[in-house]
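The chains carry the letters A, B, C and D, assigned in the order they are written, with residues numbered from 1 in each.
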Amino acid sequence: MTIPYLKMDGIAKSFPGVQALKNVTFEASQGEILALVGANGAGKSTLMNVLGGNIEPNSGKIYINGKEVRISSPSDAAANGIAFVHQEMAMLPTMSIADTMYISSFPYKHGLIDYKTIYQRCRVVLKRLGCNFDPRERIRNISPGDQQMVEIGRALLHDPQIIIFDEPTSSLTSREKEHLFEVIRTLKQEGSVIIYISHFLDEVFSLCDRVMVLRNGETAGGGLVSEYTNRDIVKMMIGEKEIDTYYERSEHRAGEEIMRVKGIYRSGVINDISFSLRKGEVVGLWGQLGSGRTEVARALVGLDPIDGGTISIKMGDQMMPVKQSETKKYIGMITENRREEGLLLPMSVCNNMSLANLTNLTKKKPFSSVIDSKLENSETDKYVKRMDIKISSQAQRVETLSGGNQQKVIIGRWLQKNPPIYIMDEPTRGLDVGAKADIRRIISDLAEQGAGILVISSEIEEIMSVSDRYLVMKRGSIVAEFGSNASKEDLVATATGAASKKE
Amino acid sequence: MKKKILVTLLLVVVLSMLAAFAPAGEEKTVKVCVSWNEKVHSLIQAWQDYMEMYAKELEPTTGIKYEWIVNVANGDANLQNNNIQDCINQKVDYIVARAQDSGTIGASIKAAEEAGIPFITFDRASTSGDPTAHVGEDGYLQARSTAEAFAKLLKDNGIEGKCIELQGDLLDNTAVLRHKAWAEVEKELGAWTTVAEVPTEWKPEKFYQGALNALQANPDANCMYVASDFAFSSVENALSAVDKDAPTGDPKHIWIAADDINPMGYEAMVNGIIDVGTTWEAYSVSVLLVDTLNKMVNGEPYEKVNLISGRLATPENVQTLEYLYSTDPKYAD
Amino acid sequence: MTKKQHNFSLRDFLFTYGFLLVLLLVIVYFSVTAPSFFSMNAAMSILHTAAPLLIIASGLAFVIMTKRIDISVGSIAYLSAAIGALMISRMGLPIPLAVVSMLVLSCLMGVLNGFFVVILNVNPMIATFGTQLAFRGIGLLLTNSMVVSLPRSIRFLGNKKVGPIYIDILFSLFILLIMMLIHSRTQFGRQVVAIGNDISIAEKLGIKEKRISFFAYVVCGLMAGIGAIIMSLQVGSVTPTSGTSYEFTAIAMLVIGGVSLYGGEGTILPGVLIGGITLAVIETGLNYIGASVYVYSFVRGGVIFVSMFADSLKTQVKPKVKIMEDEPTTVSNAQ
Amino acid sequence: MSILNSGVTQQLSKKDSKEAADIYWTRYLPYIVLVVVFAAVSIFVPYFLTISNLLSVLLQTASLAILAIGQAAVLILGGIDLSMPGVMALGSIFGAMYMRAGGNPVLGAVIMLLVPAALGLINGISVSYFGMIPFVVTLAMQAITIGAATMITNQISIPVPENFCNAMLTKIGGIPLPIIIVLILTLFLQFAVTKTYYGRWLYSTGTNMRTSRVSGVPTKKVVLAAYSFAGLMGGLAAIIMTSRLYAASPQMGKDAVAMDIIASAAVGGVSTMGGVGTAVNAVIGAIIITLISNVMNMANVSYYLTLVIKGIIIITFVAIDANSRKKSTK
């Protein structure tokens, strides 16, 4: 084996109260894609932030090409040929692509920015990434996929030897994902060291050569990808005991129909969406990102306008058509971006949980608009216990909670309102494995108590572990429906459809 | 580090508030509250200084020691009402006020009456309440005297006047009186026709832009009335921009009438740019006010309305007029 | 997906050029009612009127582009003009020394604003309201609220002309050119716009946000100082009301010129210039047709409202993607 | 004032107590200093600590306090309203014209209330339904309303019948009516804002509009209501100011007044970032701003120094508030 181009030896880092990294050692050589996987909080991003110069390790050494190097800042990292492609893209909407790439490293000529060279260099990098838009184009006018390419372009500007990708595919369509994998493969052929952090194990198997698993800040094994199966890696990621709950799914008895959607469409976004949802049933809305699933969900609760179609909801014993702006009364909507659309960060857990149900938490007739704080607190306690949200007190500010607890607060908000129908958009995204299991258990309980639930997820294992029935969407319309016996291959094939085979 | 800055900032606030207090001496003095509507130009400062100076001069003879409490309302009628209320609460003996809005000063006059404090309107008469007395210059007579003198001047020189009128801020009663007098003399004596009326809000930039645009819009204009010459340099700049900035006798000269003879007006008149104007008395009005106050303090009968008439000034006689605040080095530069 | 549309859509044309159309109509109206309005003289006096405010607005634009505001520019202009005039006419100091100290002083006032807003992170509007009062108070204190006139030697500098054009128009256009270059062709300018987009992303990209934002306030102060020089030369004196409500006029100019108060948007040239000319056309035009000054404030309010209304509709229209080669790219429905 | 700030009750665990004391100290520092200065002033300055002066300060504060309450509603949403002075002046002028034309004063007062409320509604519609920037919309509205006010009256204030003014200025138990109105209004709003779900909706929309919208809060209506409420407060202040000046004058609508209103709310503790602040904060801020000019007048401090001191005080209060708030929500 040639000497490894990159070697991180005995890296340890502890933050107040938590030992993030305990003596991590690993190697990566040129012309190789190393996957770095592990549950949330296992230390993946901390390790990479050490390499990227954002975090100083307490101990341990980094060798590049056999020589020891000190990296104390992002500029040190860049100087040593290390580039970091962050998960949240650092994009400047009103500025041009060239500006966004060169924002803190503009080349000057005669005292002014030398845009001629900038555009020329940008075109080279963009061409290499297979993008064909002009560097003068504004960021807000290009798709998230293209923005990801710009993010990578910025990393490639200083022709790095080592490139770290931190979960780059979370907002890409399947075409864009394929495109990204091609770019990574070409970088591999050109001899760069690629470190690929991801949650999606199918990507690890289709793209990476070697894999390294981290658990609680220590290496929990690794080696050639070909030597491992999906289950082995999951076992290493979450340790022996929890493995069985990961896949177990309880059957739900589907009752009578409580929502019927007929011919919903919005030109250019979603077209001719028709399906029905039954009591006590969990329907998985599956499809690649950009296939219109979130747009359907937002249309159903009136957050986005629609050009036509009807929504009818069971009231009493017959299906009554409901205006789009009224559906909110019957449907609990949990959106995909927790921080922007899910939480009131500076406010207390109690205020967050009672937000949707305020009109029912009031005192008797004369003071019908006054909030009954005793009732509010008791309701909050009921659902905090039911979902066992770990908080010190009801008045604790929501921003101090962990991701999992925050998601439970949002679900708790709708539990208080107790609507007949729930829509959950990526309910488990970004949560650690333990929290994911809790959320899945809550969804099953809700179904058992007779609620109709529509779940959207881009993680195949997640959606398969909760759904009774699947609706597969592609390019804005429902293309297929599967019962609970559907296999993963059926779902992935119909979602990516002929497209994946043709290319 | 930031907390230390904040604490020091706070100490500055505390000290500046405490340092600003001059613990008022308690010996027997007559407390007069002077409420200015705003401090837009030097004349207001001149009134204040001359009042205090003249009162000090008379102290040995009249034996009355005045304590002046001054406030400024920054052009806000409601604030002036509040300022005067603060004076009433300080149990002042007399209130003198130059009204921001003669339509709303009545409220302060009423409040002073209820508190039994005599109220003297100064320079601007009230149209919304009956003060104890009024001291000032008759703005209307001042403007009439300038307009009439200007008409005579144009007729003597056989000029068919086409004039630009630069009006003051029409909110201010003085500006309204001056516009009224100018229009009346125009109708009565027919020495000129007004080709352009330019409102300036008493703002020098508006004097400059207004005059410049009017001169360019009416190239044949051969005369101009400037409601007040407190910022005459802006008018002169406009004249020089259209190459008409020249003293009397020079063919390029435009006949100009400008009221008040403020320091800048005085300088322009000496240079022959301004042909005629009537003084806006500073010294004599302050003297009249203090005399009236002395009569009130001594319980002697006093006039309800005390008006001073301005003195007509022309380049020839302007340097001979005494008690002209514009010649006082304190105000002229 | 989207075909390549080349048909002429009135909607797009109206949004990009609609504003110039309105400006043209206004000019035609004024020229009809006051024939002498449509002349070189009037055009020059429009730019002449706008000159000091154009400079102040170009400085203020940098602060607004970092998604903040500075309403003390009027008082900065007043205080630096007052001190300059005092140094020249009362203390008889040489003019170059007075001008230099005016500029240094206006920078210091910008530093003070920067300190309160960026370091003590006080809300920009409240902090600069505080300094607006304080600077005005100090100016009145020094001049005892008297009119300070400039000596005759330099008083007429303000309206000297080169051919038909006033010198201060050339000077202000020159300053605008430099500010445009700083805005579009220097790292400082680009980083100001980046901060206006999103402060946290800007920091993530390695921009020293605090330093750049602080410096934006200093530049704004300096421009207010330069604007003050032109202002006092034009009028030949400094009065207690000089500079009042310059900040709101400057903000109106920027808004009409397309500089968005949400930061990160707008240009110095042609943006600020268009905004300045529009307001000056209205003021001068109203002057020519002898309308009362109070109509001006009414009309100015209307123009700001209309330009804002058009701007809010414009954000709904998605512009086409500029393409390197001719091959159509699939524009997915990115929000 | 954090307890009064938002409806959130603060139970801090022991670990935070040191930090809480720190916040407590910096947040209440300005009000402690205020009390110290108040005491010093009442010793040094005669006639300051008299019933008549304190009552007159409250009377002077009445209209500013009402305007600050209206502004607070908009600030809590993270918006701003620069048009309050112009809207108030226009309302007062229309009401006065109606009374002059022989209309009965009560109807005149109602007009003074409704005209500003309608103009506030226009602000609200442009901000919430057309998504225009609050700063610019209200800046334009201020220019339009003050322009209209001066054009309609061509600068001459319109006197208002005696009985209207006397009715408004009657004293109940020695306390002038406007002060009582402000008292009742503040108590009612403090209750409404912290205890009813309308108040909770206002705070949630101010804190995060998108989350509120997803959770079923009618955010567009909340924004509309806030701007119309601000207009209504402008109307109420118009009635009080007109009755105190015995006339409706375009003078009330000067631009500088808008900044005093916003400064009052900010100094009182209403955060301009949205989500924090109540009616009580606005009133306290208005009292502080009015006190500054009252104390300076009583102490015969020069007008120039008053401006400088007022500027410093405003910045100091808001600086301490911003830093203590920033530390507690780190």
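Miscellaneous remarks
One rule holds for everything that comes next: a residue touches a chain if its C-beta (ideal position, glycine included) is under 8 Å from a C-beta of that chain, and two chains touch if they have at least 3 such contacts.
These are the chains along with the protein names UniProt gives them: A = ABC-type sugar transport system, ATPase component.
No experiment lies behind these values; they were computed from the predicted model shown.
Shared contact partners of chain A and chain C, listed by label: D. Of the two interfaces, B-D and A-D, the higher number of touching C-beta pairs belongs to B-D. Computed from the mean C-alpha positions, the centre of chain B lies at a distance of 35 Å from the centre of chain D. If you average the CA atoms of chain A and of chain B, the two centres end up 72 Å from each other.
For the pair chain A and chain D, the distance between C-alpha centroids works out to 45 Å.
Rounded to whole angstrom, the centroid-to-centroid distance between chain C and chain D, based on C-alpha atoms, equals 30 Å. Within chain A, not a single residue touches two or more of the remaining chains. Looking at chain D, one finds that residues 150, 154-155, 302-303, 305, 308, 312, 315, 319, 323 touch two or more other chains. Residue positions of chain C touching 2 or more other chains: 120, 140, 145, 292. Inter-chain contacts occur between A-C, A-D, B-C, B-D, C-D.
The touching residues of chain C, when paired with chain D in their complex, are 69, 71, 116, 120-123, 125-127, 129-134, 136-138, 140-141, 145, 245, 248, 251-252, 255, 260-262, 292, 294-302, 304-305, 308-309, 311-313, 315. Residues 26, 29-30, 33, 36-37, 40-41, 44-47, 50, 52-53, 56, 59-60, 63, 150, 154-159, 241, 244-247, 249-252, 254, 256-257, 290, 293-303, 305, 308-309, 312-313, 315-316, 319-320, 323 of chain D are the ones that touch chain B when the two sit in their complex. Contacts from chain B toward chain D in the complex involve residues 2-3, 6, 9-10, 12-14, 16-18, 20-24, 39, 69-72, 74-79, 81-83, 85-91, 100-101, 103-104, 106-107, 110, 128-129, 170-171. Interface residues of chain B, counted against chain C in their complex, comprise 2, 5-6, 39-42, 44-45, 170, 196-210, 212-214, 216-219, 230-231, 233-234, 236-238, 240-241, 245, 262-264, 331, 333. Those residues of chain A that touch chain D in the complex are listed here as 301, 303, 328-329, 333, 335, 340-348, 351, 354-356, 358-359, 361-362, 369-371, 392-393, 395, 397, 399, 413, 417.
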